[in-house]
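Should a chain be cited, it is by its letter among A, B, C and D, assigned in written order, with residues numbered from 1 in that chain.
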Amino acid sequence: MPVAIEPKATEILSPIRHRAEVISSRRVATDTWWLEIDSPEIAGRAEWGQFVMIGFGLEHLAPPFLPRPFSVAWRAEDGRIGLLVRAFGVGSRRLAELRAGEHVLLLGPLGRPFRLEPGSRVVCVAGGVGLAPFLFLAGDARRQGFDVDLLYGELTADKVFDTRLIEELTGGPPIVWTEDGSLGRRGRVTEGLRVEGPVTVLACGPTPMLRALAGRAAREGFDLQVSVEEHMGCGVGTCQGCVVQGADGRWRKACTEGPVFYASELTWSPS
Amino acid sequence: MPVAIEPKATEILSPIRHRAEVISSRRVATDTWWLEIDSPEIAGRAEWGQFVMIGFGLEHLAPPFLPRPFSVAWRAEDGRIGLLVRAFGVGSRRLAELRAGEHVLLLGPLGRPFRLEPGSRVVCVAGGVGLAPFLFLAGDARRQGFDVDLLYGELTADKVFDTRLIEELTGGPPIVWTEDGSLGRRGRVTEGLRVEGPVTVLACGPTPMLRALAGRAAREGFDLQVSVEEHMGCGVGTCQGCVVQGADGRWRKACTEGPVFYASELTWSPS
Amino acid sequence: MVPELRQSLFGVEFQAPVLLASGTCGYGREYAGLIPLDELGGLVTKAVSVEPRSGNPPHRVAETPGGMINAIGLENVGLDAFASEKLPWLRENLARAHVFVNVVGRTVEEYAAVVSGLDGEEGFLGYEINVSCPNVKGGTMFGTDEAALAELVGRLRSETERPVIVKLTPNVPDIGIYARICEENGADGLSTINTFPGMLIDIHLRKPVIGNVSGGISGPAILPMGVYLTWRAATACSLPVIGIGGIRSGEDALQYILAGAHLVQVGTASFVDPAAAATVQEGISSYLAGAGIGSLSELVGGLRLPEHGQH
Amino acid sequence: MVPELRQSLFGVEFQAPVLLASGTCGYGREYAGLIPLDELGGLVTKAVSVEPRSGNPPHRVAETPGGMINAIGLENVGLDAFASEKLPWLRENLARAHVFVNVVGRTVEEYAAVVSGLDGEEGFLGYEINVSCPNVKGGTMFGTDEAALAELVGRLRSETERPVIVKLTPNVPDIGIYARICEENGADGLSTINTFPGMLIDIHLRKPVIGNVSGGISGPAILPMGVYLTWRAATACSLPVIGIGGIRSGEDALQYILAGAHLVQVGTASFVDPAAAATVQEGISSYLAGAGIGSLSELVGGLRLPEHGQH
């Protein structure tokens, strides 16, 4: 029997800011690296779907000058956290190049986490590096007795994160989809979603994917939690830089009111 | 018999710009590093007293954003050049921290070199890292049959560049002065200068030292060549950023008309 | 010997010279527990307008070389919610750090309504007037329109006895003119500077990155402009000046202080490192200690000019 | 397919859109042998004044965050020496790259004397008028004084048939006003932008680092301001615009081009790497090739604005 998971997130503890050492870095797909960083403080507190702001501190001027948000993808007993970093633009490329022994400035854990409903099956829908939060969540949830499906989509096989490592971290094989069919099933990962019985659907990935799922959730009447992306300045609610549009038309901060929202809390304007 | 050294500098060859690898870095005094950089192009052409602009290229924004001028302190047969880098401000500190395998952008060799008069004794007066050009010059000049004295002054013993290495590079022991007497003779290095017979006096170091020597040269009537320092933008004469005042009151560019001037070519205003 | 950072200004004592800049520290509470707010000189709230404002569409922030661009659109809860929801926390949690309320409006009346509406409340010292706002009447910004600025400052002066600090806009040919207008119309001080107008284009999408098309540039990139404009403002009038723009170290802050600033504000640097303001404050202190300077106030405006300078 | 970089402008053809900016490439010759000058779009000479000018005392340059400050003081050899000593080299060595002569003066007469004095010479295409110079008559800069600018541009128009490009100063509330004044008075194009006034203080010496006290800020730090002002100028009038400020890559240049620039200039980046302008030019070309765009001119002014933008 799954136990109820109580989100502590409404009254979020103050995040921690600290200099941390990169323990290891490993390329896990064509443009994606798996970083392990020594951060007992954050490892001890991070919840599923929370993120860190990672940067280089005040003396650094080249991109990333502003820290960048990355999901906590893993937390280990020994105080390491894992990040899955895709080299996307110039700032994330520099982060992907981080090597063991380099230091970064971390701020976290941040944001409102995913919530699991006791007694429900858990379906995680990951698009690309949207996989990150589910590495951490799927393993924990399985250990707590949840029945978990992890659907994971990429464009092509070379972008797929090492599936053996995914299985090792999450305690089960992912269901892989590629748009060109070069690995796993062919098509969009969202096609893999079947909603039957009590189910908690969690999604993280590009906005078009989330939009498609939100449409289905509204039509088919299931609860959907999504982790959204928006440019961030501070990560802690001071700058009001990271807004997404709420269902009532008002702006909501992705960093403190999200990044996880119920899809029904947001406006999904046609792209 | 010393042979005449003909300066080729009036019609300077175009400098070379290239990415170069740092071969080794070694701390040689409290705040000073000896860098060896792979640059056959510059090693093959540099003359005594010429310099390079060294920086990190267009993607680098933190200091040094603009490249910094450093004397060519050594050139080896195998294509290495040596630089003596004192961590002075934030830009030179970063250069002092360069490690083997890192890459830099070099522009050089630049500037008007020292000239030696055949038949004369050579006295080099070095203040601090003003030693750099003489490491290269003193050894060459001795091999060419010149009689060379190398006077080298620092504030304190911990700043003195490894004297065995100096001897190895220049083929003779330097005459060391420290202001506090903690190594070698006590006092200012300029006190060590004795001018008798035909002599070529060359000086490189802080402006007050050069000014003091210029005063003596004017009073005692000997020829003095000084290598001056000024903030540089381009290193090649385009920006007009690096001026020092000529004897006629007009501005002279340190990068192309210098850095080596006859002391009599310049105005020595009281500091 | 611990150097003295205290300064008496605007009728009170500032324990230290570093404040958090408007728009970069929310209403203070967001930083509670993360940084030692009450050990700073103070903070300036996000802009407060008479009605709530919803602000601009995303993206609202992005990185630029050595800085950032932002177009938040002055999103804020409005006067009433500020007084009832935000001010109480500041009142109850800050005993030593001073609070300025950053005020915006589209007309002189709107500014005046914020000031008169808040004036009876407790929990803040005074107002920082953001004049980088379009003036509905004239079409230009208050901060670039001499007559509108004079009227605005004069009117706010008549609404309150609290300190009124005018935060000047940088994109004018001579900031000294605006500094003197503020002085002549009764301001108590100046803040220099607000952000520079800028734009960032996504060349792949051929669209502005920022939802509002253009935005304000802040961060280290604007440090030398801020120091210059602070010096110009401080030497053009006799008002105390708060220096702002690109500060991320004690050395940066000391440039502003030598240029004539009594206090400084740290903005963008707090995003890079939430501890930035505390780092700046410690940096000032350790510089003074190392240089054997007993009190920060000895350095205010202590810039020595060469004789030949033809600025 | 090699993308087409050529554009017809100012009555001639530019083989490529990248020029070296005034004050950062001397009189061209200094870069001979080091960079392939004749493969660029062209270059703009150091400012030329009617009499030689000796310029400012050192230090004249220093680094600032993400950029630099300079106060050269418009040191130059003067009109006669320029014509006899500098222009011949340009005439003889550049066959395809176009040359603009950057012109300065303290009065309208001085500017006009440079233009009329050079107009009969060969070896250059036209003039770039630097209006960030103090006007002896008015005390302000030509570039921030609407009447003085109108008079200056009108007068220079009557002195020459060659292209007259006015290089605008950034520190004005609305650059569009100045752009239109140039258009109405007969200018052929605009260059946006010159440097921002700034100051750097040596806190240990308590002195300005720059001998002239203040100077102009350039480099990557000003990129987003330059893009914004280029967009404002290009949309305020119908003159072709040359974008300048902080460019160090093809992507940077393409921001300016999408904002409305036909050509760009590279300044400070050449100090960081003498090959910068060539790198920018190659970067533009390879971006176009990668994006399958046949000709650069398709992108000029191609910025798409969102509907909601409230710039």
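Just so it is clear, a contact is a pair of C-beta atoms (placed from the backbone, for glycine too) under 8 Å apart; a residue touches a chain by one contact, two chains touch by 3 or more.
These figures come from a predicted structure and were not determined experimentally.
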item	value
Separation of chain A from chain C, taking each centre as the mean of its C-alpha atoms, in whole Å	36
Between chain C and chain B, distance of the C-alpha-averaged centres to the nearest whole Å	46
Between chain B and chain A, distance of the C-alpha-averaged centres to the nearest whole Å	55
Separation of chain C from chain D, taking each centre as the mean of its C-alpha atoms, in whole Å	33
Overlap residues in chain A, where contacts from two or more other chains coincide	60-61, 65
Junction residues of chain D - those touching two or more other chains	57, 65-67, 220
Graph class of chain-chain contacts, one of line, ring, star, complete, other	ring
Which pairs of chains touch, using the document's own definition	A-B, A-C, B-D, C-D
Of chain B, residues touching chain D in the complex	13-15, 17, 55, 57-58, 60-61, 63-67, 91, 105, 107, 230-234, 236-245, 250-251, 256
In the complex, chain D residues that touch chain C	56-57, 64-67, 69, 73, 140-141, 144, 169-174, 196-201, 203-208, 211-214, 217, 220-225, 227-229, 231, 246, 251, 254-255, 258-259, 287, 291, 299, 302-306, 308-311
Footprint of chain A on chain C - complex, ascending	23-26, 30-34, 46, 54-55, 57-63, 65-68, 70, 72, 75, 219-220, 248-249, 269-276, 279
Complex interface listing, chain A residues touching chain B	59-62, 65
